[in-house]
Every structure is written in structure tokens, then in C-alpha cells.
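In this document, chain identifiers A, B, C and D correspond to the written order of the chains, with residue numbering beginning at 1 in each.
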Amino acid sequence: MLSDVRERMVARAAREITSGMVVNLGIGLPTKVVNHLPADFPVCLHTENGLTGIGPTLSPEKADRNLIDAGGAYVSTVPGSAFFDSATSFAIVRSGRLDLTMLGAFEVSAAGDLANWKIPGKFSPGVGGGIELAQKARRVVVLTTHTDRAGNPKLRQTSSLPLTARACVSRIFTDMAVIDVSADGFVLVETADGISTADVVAATDAPLIVPDTCLPIF
Amino acid sequence: MKLPDKRCAIPDAVAKIKDGDTVMVGGFGVPGTPMTLIHALVAHGARNLTLIKNDANEPGMGIDHLLQSGQATRLITTHLGLNGTAIALMNTGKLAVEFNAQGILAERIRAGGAGIGAILSDIGIGTELANGKQVVEMEGEDYVVEPALRADVALIHADRADSFGNLAYVATARNFNPLMAMAAKCVIAEAETVLPLGELRADDVHTPGVFVDHVTALGELSKEYVVVRR
Amino acid sequence: MLSDVRERMVARAAREITSGMVVNLGIGLPTKVVNHLPADFPVCLHTENGLTGIGPTLSPEKADRNLIDAGGAYVSTVPGSAFFDSATSFAIVRSGRLDLTMLGAFEVSAAGDLANWKIPGKFSPGVGGGIELAQKARRVVVLTTHTDRAGNPKLRQTSSLPLTARACVSRIFTDMAVIDVSADGFVLVETADGISTADVVAATDAPLIVPDTCLPIF
Amino acid sequence: MKLPDKRCAIPDAVAKIKDGDTVMVGGFGVPGTPMTLIHALVAHGARNLTLIKNDANEPGMGIDHLLQSGQATRLITTHLGLNGTAIALMNTGKLAVEFNAQGILAERIRAGGAGIGAILSDIGIGTELANGKQVVEMEGEDYVVEPALRADVALIHADRADSFGNLAYVATARNFNPLMAMAAKCVIAEAETVLPLGELRADDVHTPGVFVDHVTALGELSKEYVVVRR
């Protein structure tokens, strides 16, 4: 189970999905977004390993051994699902048919650079499908904790990690705030219940533009 | 979650086509040619069109109507052998024609649909087909650069569809349709039958509906779809 | 109906097809080769417009409006036929899965250059699939009349026409002879019944190597 | 005319694999991984293999057996996240690993199967993924050259096959299988069911048998094929 604030962050991110969109939800927190969409909501979920029209996740007892998502979870279909090979799957991604992708992050820079695939010397399992999602989806948003386990900010002026793609992130949902990436850097859009603007500024390693209005709370 | 409904009346679908657009048209001979959508484009009247199609059909059929009406001024194709009218328009300078090797035309369209910039190919190296093309050396060998083709609109003929725009083709009516259905900003599919969601098996879909913008059900088929007696 | 000698030429060409081959038969005379294969002969016929496993040609009454070959003839399937799109069809051609293609010709040079798609100023309907067949099939043979309608030799020292592909033709079947393309030029292999070596030499616009043995007659 | 019969016993099919060969292996996670052919390759013993596979499976499953046996010395892949053993072999220099973006790996294999030399792609431009790659300018834009991949052998898992080697896949077990089945000199397919000729509908074939050299029917499936409980 997710903590209350993470659940609210995921629910807030779900509102980013509008009617009729084609959406790819990355491994980890983004996958949880699907639990916050109404049953009859018109949307098409895509997974890189070859499916449009992802249905609910299934328990091992009910799982089909041949039906997983890109993260290895056993999923199901919906009426109108289609299966296809890996080349067609990334044709969807690279030709701009994804309206939105939600990804995890190690770091996001104030220019919208995304680093989420490699920490040199520590973690280098390969880039998988992330680079094409980050570079080619029409809109890329990030779901992440605001800081890493050691408390270091993940939102930084520049990222020192190998990049997944440059200048790709439009918006970041964290357990503290919703932040947009603008031409002038990070802009605070919303804060989590109980979190002050000062808290967000302190946990962010880059200047944060704070609008002179009352911000929504999620 | 529910997959969106993309069913649409033909005039509404083709209304988006603008003067100067590039239009891909499926089909190889009669099979797979979207005869009904082509007539709708004639009725719509958009001019100065670039057509991309394997062949020019036969006189009085398919894209020949767009050549006769003067709406098409440019044609990217592989072979005009069955349409003497198209050859005459080409020879009198009324139609600019770019010939491609057939499989290279297919790959260029597929590259457009796959979001890649070009393919490197050795087809035509050493013949006039390679004249004027960019050549790249890779590992000591020469290749021609065959740039991806994309279109503003693709007109597709399918056998079966569902309301999300998943498509299935039949027999040799498949040909260029699945490739073009990936390679245009706006993809319009006519289908002989439009089924309720879930009645096209997910394993049997040839074109995932995610590529398709509008799907429309054909009523009774016109005479242009039937067996040609030559 | 074909004339007797053309029928024998086509029958002779059919013997070029060995068990288990994947074969593409070009428009025109090559298509007729299929009539000379036994019913249970193990072979896979390919047509560029998207079919492996071509069955017999059908009359308009029995035809399926959606099932043609690349020449527009109404054909049928056999048990195990498969349909595919045009990209896959030429993937078969270019990746070397065709053991043999039989093509028509305007001219063939002594180096095996093939010209069969364009006569400048007279005939230029486009190259279609011919260039890829000629360049990529593992073995390319030509079926053609030995001379054109005006009596001009089609087998020439060099071709003056725009080429389909260079140095691609291995063997030529004509209404006068079977001729191989060797490193040293044309080699006479067989003659048609009633045709002398001198006839073939006279109708060929290039030196013809004539083996010093008794040649088979077809 | 009759389509040739390509049915073959598994040991005979894998007997052709030689030391130093490049071997493509289908599958994304468990679905579509030819578990039985992989065990046959372990039993066969060919060494110094280069494997091309989306992922390295999980410890004790799929190509992990070829890593554990030391038969594979090189791996072209996209992601090893579920196999710590593979990462350890890579980090200690026992396994040379080349990472590709997943869709680029798919396209490079497809290019090999389609008989084209390379694709031009903008994926990874401006990141370390593009380091060391040939760059070509086309119409003012930079693209990296991603060369086609071909293999000596491809090991494929299909749901259904016929005796000519036509293949059909099920659900997300399709993944890289149809691409690899076009891109190797020798293509060996294991199928859960091998049907008589004519029982796979011509419109529903995913891989035309013309690409496949040997097809073999699986008996009862081993435990590696079942649902993984993590």
C-alpha cells in the first residue's frame, strides 16, 4: 500500500489524463495511476511489450502466463485491445501517437532534462524503452518522491547523471508538490496538503518560481 | 477504462483534407483501394494534392478519378502500367511522378510510421534509380539514403474494423494499407464491417486502432470493388 | 495459347525449380511456368503483393475480388498460404529468402546485366518490384524471346537501356536456346528442337561460347 | 504444388549451431522465450556465443542458463533489471554487454530481416547513448546510424505453427519473435501446437513460414513457462 500522501499524489497525477488520450505509464509509481481512472473513462493505455488497451492487474491465480506489461506484472485486456510486436510498439511511441507518458526519475533538471536509467558505478541495468518514451511522447510528466532516500533533492538546476533525454519533462508530480518546467525553470503549481512553499523550496536544488497567487492543494 | 469511439461519417472525415496536402492511398490494383473514400475526396474538392500510392489503378477506377479531376498534381508511386491516362498526364507534364522501387516505397512509408528518419539501402546502387540520392558509406559499403515518407492524411480500406479503429485486412487487400495506416497525421479507414469493441480478436488485429483517427462503415460496395473482367 | 516452342521453353524453365525452393515468377512468360509443376511438387511460390503459397489462377466467375497476384491475375491459395503486407513481402526478397526468380527482359548483357523496366522515350511505367527481385534473389533467370518483335537480338555484349540490376542474371531461357552467363560471357547450354548453333550465334549480339560437346535439345 | 514440410526434432535443429555463432532469442520476460530450445542449446554445448535478446530473463530461467554455463560471452540487449546474475557477470567483465534502446533494438533486428543496411534515427542524440555512433546529416538534421542486426540462428517461441513453419503468437508472447524470425540465416521455432497445413488461416499468420527453417512441436511445457510468483 502507498502512504496517504503518495496516494494523493498518484490521484492528482491521474487527473492529468484527459478523455481520449493514449497513455504509457512507466514502471513503479506511474503504474498505480490506473487505479484512479473511472471504469468507463475513455482512454487507451499502451505498454511497450506489445499491447494497447491494458486491463486490470491480475493475481497469480487468475493470470495468463502470456500476458504481462513491460514491468512484468500480469495484466488483462479490455474490449478492443490489440497485441503487436516490439517494432510496432515503438512505432507507436516514436511516431508521436502517445499523448502522454508518465515516468519515474532519479533526477530532473530545471531545463526538463530527465535522468532515470543509470547511476554510474551503482545502477546500470540498461535503458529499456525509457529513452524513446521520454524523447517522443507528446507530453512527458514525472512521478517521483521529491527527494531520494538519503534526502537529496531530485529536482536540480542541472543533472549530473547520464541523461535519458534532454528538455523532455513538462510537469513533475511529487509527494510535496506539482511543479511545471518552464522556459525560466521550475514553477510551483500546487502543494501537497500540509506542505508549505518554504518546504518545497528547501527540498529543491534549483530556483523555484512561486506565483503570487493562492496555489491549489492536493 | 474504455477505448474511445472513432466512428465518423465519411464527409466529416474527409472534410479535414486541405489544398496542398499529401495523401497516402492504400491498395495494390483493386484489392485494398479505398474506392469510397477516394470518391468522397473528389466530392470534397481539395486541390494540388500529392498522392502516394503503389499504382494509379486503372482508367475510371480509384485514384484515376483524382488524376482526371486535376486534383492530384504529384504522384509518388512504383508502377503505372495499367493506367495509360496516368502515363499520358506524366508525359505531358501535367502530373509530376516520382518512381520508387516497390519495396523501397513500402519501407519509406513504414519508416515514416515507425518514427525513424530514413533507411540505408543498397537497392538501385549502380543504376539510374540511385541518381541524385544521398549516399552514405557504412563499414566500407555504399548505401543510398531513402528518407521516411509521411503524409497529412492516409485513406485506408479494411475488411473489418471495431469502433476504436482496430483494423483487419483480407487476402492481398492488405498490401500497403497497414504501412500507410501508421504514417499519416490523420488516418481515415473505410471498413466493409465495423464490429462492436471486443469482436476483433486482439491477436488478429493487423493495424492497432491507436494509429487510426476515424473509422467509417461502408454500406453496399460500389462496382469498383468487384472482380475486373479484362 | 503459347506456340509449341514457347511451351517447350517454359517447360524447360520449369525444370530449373528444384524441390523445396521459394520462387517468384515475374509477370508474363514466367507466370506460365507454374503450369509445368506436378501437383504435389514441394515448392513455395511468392508474389510481391503479399502472398506465399500461390494456387491456380481462377476465372472471373470463381475469382475472389481481394486475391490477385502482382500482375493482377486472380489467383487462389494452397493449404499453408500466408498473406502479409508489402514491407514484409519485400523483406522476403531483400533478405535473400527467394531461392529463385524468373523474370522477363528487354535486354541481357554478356555480364548478366538486366534491363527490363524502361525504354527511354517509349516505355516508362515505373520499376515496380523488379529491381529488388533482380538484385536480391539468390538466383535470377530470364525467360524471353531470343529477339524482339523487330528481330533485334535481346542478348547483347552490353545493354544500352537503363539497367534494372547489374550482373544479376545466371541463365537465360529463350525460344532458341538455354544460355548461361559466365565470367567469360554467354555460354550455350541447350538448343531448341530444330535450332542450330549457327542460328543462335546469328541471333545473339555478343560472342557465344559453344562447348565442344553434343548439347541437349529441348 | 505443395508447401515443404519443415518439422524437425529439436536436437537435429540445434545441431547446426556452431561455436562463435550469434544467436537471437525471442521473448520479453517469460512470455515468448523459447525455454525448451534454450535448454537444447545448453545440452548442445556451443560456446563463445553472442546472444541478442531483449532481456536476460530471471536467474534460473531462459538465457540465464547460457550465462551460467559460460556459453554466452556477449549480449546485445536493452535491460537486465530482473537478472542480478547477468549484471554481476557484466560488472566483472565476464560478459560483454551492449545496451540498445528497446525500440531501436527492435528496428535494428527488423532492418536485418528486411534486408536493409541500417536505419537513421534521432533517438539518443545529445545523450551518451549516441556516443561513438556514426552520425549522418539529412536535410539539415543529425541522425545516428543504427546498423541492421542479423544472426546465424534465431530461436523462436510460437503458440501455433503449421508444418511449413507459418507461425502465430499469442498475447504479449509476440514481442521480438516475429522480428527475429526474419533476421537469421537459420530460424528454429518451437511451437506449443503444430497444426496440419491449412489450419492456420492465411490472414492470421504472424510470421510467414518462408522465413522459418525448422519447426518443432513442444510436448508438455516445463515449469519455466508458467506464471512467475514473485
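By our rule, contacts are C-beta pairs under 8 Å (C-beta built on N, C-alpha and C of every residue); 3 or more make two chains touch, one makes a residue touch a chain.
The model shown is predicted, which means the values in this text are computed figures rather than measured ones.
Contacts with chain A and chain D are shared by B.
Set against the Cα centre of chain A, the chain with the most distant centre is C.
Remark: among chain pairs B-C and A-B, B-C carries the greater number of C-beta contacts.
The distance from the centre of chain B to the centre of chain C, each centre being the mean of the chain's C-alpha atoms, comes to 29 Å. One inter-chain figure worth recording: chain A and chain B are separated by 35 Å, centre to centre, where each centre is the mean of the chain's CA atoms. For this pair, chain B with chain D, the centres built from the Cα atoms lie 32 Å apart.
For this pair, chain A with chain C, the centres built from the Cα atoms lie 57 Å apart. Shared contact sites, meaning residues of chain D that touch two or more other chains, fall at 107, 114, 116, 122, 169-171, 174, 202-203. Of all residues in chain A, those that touch two or more other chains are 51, 83-84, 87, 90-91, 93-94, 136. The set of touching chain pairs reads A-B, A-D, B-C, B-D, C-D, using the touch definition from the header. Contact residues on chain C toward chain B in their complex (touch as defined above): 47-51, 60, 63-70, 72, 74, 83-87, 89-91, 93-94, 124-129, 131-132, 135-136, 162-166.
Of all the residues in chain B, the ones that touch chain D in their complex are 107, 111, 114, 116-122, 134, 136, 138-139, 141, 143, 145, 147, 168-171, 202-204. On the chain B side of its complex with chain C, the touching residues are 28-32, 54, 77-82, 87, 97, 99-107, 109-110, 122-124, 126-129, 159, 169-179, 206, 225-230.
Within the complex, the chain D residues that touch chain C are 1-5, 112-116, 162-164, 166, 182-183, 196-198, 200, 202-203, 205, 208-211.
Interface residues of chain A, counted against chain B in their complex, comprise 19-20, 22, 34, 37, 39-46, 51-55, 77-84, 87-88, 90-97, 136.
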